[in-house]
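Both complexes below contain subunit A, partnered by subunit B and then by subunit C.
Right after this comes the complex of A and B.
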């Protein structure tokens, strides 16, 4: 029996989760939400995390019914992400690891998403679409690496959506993407927007600058409503994502798709991916907001896999990093 | 009446043709057209896309594909001949390159130990062909080893290297676009054929030597490579 606690706080969510041999014992989380029209800055985010992290840690242990002595390993997000929030969380993880005299494990955030997705859905060897505010990658496992087959060459799809939400000043509660999704349901007019796929890669900076500039003009001139723009933006960016996923699947001969990351909560994206999968007789796997959105249990799960395959992070190697490629990690727990 | 008859003719023709494969974007058939072995590439409707977006994209890609293939051909680059295009069914009738295999299969089928040695001449050839294409300001847009065909020549002859699948192509003189084109190939190459970094370097060297405008392109390629690494990865 192996029990791992995972600490995650690379963006505006701070979560701590505990996993015991594939069972999620607890997974509390808090989100730093900014007023409409504003994004979250590193120092404010770190301040938010510092204020709540010990409370969340207590919750994680209490909800799991465990004491520190029961934990086998302390996993934390090594990167990628925002600097000061990462440091805040790593500091607490290092401290409790030393206090409780438990081994430490620095985990790649992207791999946390993938391993959690695999655990929850039991997908065998899927093509993974990892989409969030900070990342957009199409990943497939091959020869001990999670190889990136396609990705954004500029900004992440979630970033594009979040920035559009700021332009039309919709609420960031519970998340800008969720509110865009609700508004899109009320939109009906399709407005043509730039569509950019380059081979297996995508580019979102073009559509972002286009819509940031044109949104107000289009809405105030009555050409379309904010709901129509939300609808059109989703249809366009999600089509791009489905396209590059399908290309990767065709290239690898894969019959499974797993969507992970915060944008993966979006039901329209899941619906579109489902249609594509049905046409190819492939299976679609997705999780709900508990596990799509950044959470501590996903770090615990990746940590569990790494720990059981013999990995440990020494204190002097427990630094955090803002840039940490998914394919940098040697996947020692799979063959 | 006549238009309807025309529009019905292609699907009827295809229903009797041999379906070779169903890719992500198109169905590829083998048929005979005007007495010649022909490949028909039919872009079908993608149900997950909004109909207006789908129509715009499909039409644009059909047009771009044909335009780029013709431009390459005029520049002396080996590409299939375009026999016929139908814009209602988004079908392109192309010359079948009989007796060919993809460069992907070629690399995959050579033993790992010889993978970098025996394939160097091939890598050099690919670099040269891409240099010619970029000097024509044609951006392929989807360079992978599956989109390159090798047709074996006569016993003592050299095999011919063809470029295919220009669906994402466009015309551009910008080194940025050419750099991204090579970047797409690099990613596809290294992810499909692990441990072939040296082979790809050979390809780039050959490209740089063959192209008149290569230094700006290689510089952009290096910039684009870093972009993936320098990007803020939050969330």
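Right after this comes the complex of A and C.
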């Protein structure tokens, strides 16, 4: 029996989760939500995390009904992500690992998402679409690495959505993407927006600057509503994602798609991906908001896999890093 | 680059700041060191920070070319130190409390 606690705080969510052999024992989380029109900055986010992290840690232990002595390993997000929030979380992880005399494990955030998706959905060997506010990658496993087959060449799809939400000043509660999704359901007009796929990769900076500039003009001139723009933006960016996912599937001869990351909660994206999968006789896997949005249990799960295959992170190697490629990690727990 | 810095701006010309933090035991000081030393300074230029432990005291020494860079580093270190201390107080194993 192996029990791992995982600490996550690379963006505006701070979560701590405990996993025992594939069972999620607890997974409390807090989100730093900014006023409409504002994004979250590193120092403010770190301050938010610092204020709540010890409370969340207590909750994680209490809800799991465990004492520190029961934990076998302490996992935390080494990167990628925002610097000061990552440091805040790493400090607590390192401190408790030393206090409780447990081994420490620095986990790649993207791999946390992948391993949680695999655990929850039991997908065998899927093409993974990882989409969030900070990342957009199409990943497939091959020979001990999660290989990046396609990705954004500039900003993440979630970043594009979040920035548009700021332009039209909609609420960031529970998340800007969720509110765009709700508004999109009320859209009735499709507005043509720039569509940018480059081979296996995508680009969102063009559509972002276009819509940031044009939104107010189009809405105030009565050409279309904010709901129409939400709808059109989703249709466009999600089509781009479906295209590059399909391309990777064709390369790998894959019959499964797994969507992970906060944007993966979006039901319209799941629906569009489902249509493509059906056409290819492939299966679609997705998780709900407990696990697609950043959480501690996903870090615990990746940590569990790494720990059981013999990996450990020494304190002096436990520095956090804002840039950490998914394919830098040796996937020692798979053949 | 360090060599050039010293020629252009010898150590004696830099701002020096020292912080001594006493702990209840050598083990506590070592734990704090273990938590606070791994991360690198965000802005590589213009600041140097060294952490050491002697018996049950954690000593931090900064050397910086500009006051504002020094202030930012010391400020963020003190925030981090507070978090580590609070964690140690709240989650120390029952025997040592």
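Remarks
Here is the rule we use: the second predicted complex is superposed on the first by the 335 of 335 C-alpha atoms of A that agree within 3 Å, B and C clash if a C-alpha of one lies under 4 Å from a C-alpha of the other, contacts with A are read in each partner's own complex, and residues count from 1 in each chain.
One rule holds in what follows: a contact is a pair of C-beta atoms (placed from the backbone, for glycine too) under 8 Å apart; a residue touches a chain by one contact, two chains touch by 3 or more.
Since the structure is predicted, the reported quantities are computational estimates derived from the model, not experimental observations.
When the two structures are aligned on the shared chain, A:100 is found in touch with subunit C, with no touch to subunit B. In the superposed model, A:199 lies in contact with subunit B only, and not with subunit C. Of the two partner chains, subunit C is the only one that A:317 touches; subunit B does not reach it.
Shared-chain residue A:91: touches subunit C; no touch with subunit B.
Legend: residue contacts after superposition of the two complexes on their common chain; A:215 is shown touching neither subunit B nor subunit C. Residue contacts after overlaying the shared chain place A:52 against neither subunit B nor subunit C.
Set side by side, subunit B and subunit C differ in how many residues of subunit A they touch, and the one touching more is B.
After overlaying the two complexes on the shared chain, residue contacts for A:41 are found with neither subunit B nor subunit C.
Of the two partner chains placed around the shared chain by superposition, neither subunit B nor subunit C is touched by A:66. Touching of subunit A by both subunit B and subunit C, each in its own complex, is seen for no residue at all.
Only residues 50, 53-54, 57-58, 68-69, 83-84, 87-88, 90-92, 94-96, 98-100, 315-320 of subunit A touch subunit C when the two sit together in their complex. Note for the complex: subunit C touches subunit A at residues 30-32, 34-40, 42, 76, 79-80, 83-84, 86-88, 90-93.
The touching residues of subunit B, when paired with subunit A in their complex, are 22-24, 46-50, 52-53, 56-57, 141-144, 146, 168, 180, 183-185, 187-188, 191-192, 194, 224, 227-235. Interface residues of subunit A, counted against subunit B in their complex, comprise 10-12, 79-82, 109, 132-135, 140, 142-143, 147-156, 158-159, 190, 192, 195, 197-201, 235-236, 239, 242-243, 246-247, 249-251, 261-262, 272-273, 275-276, 279-280, 294, 322-325.
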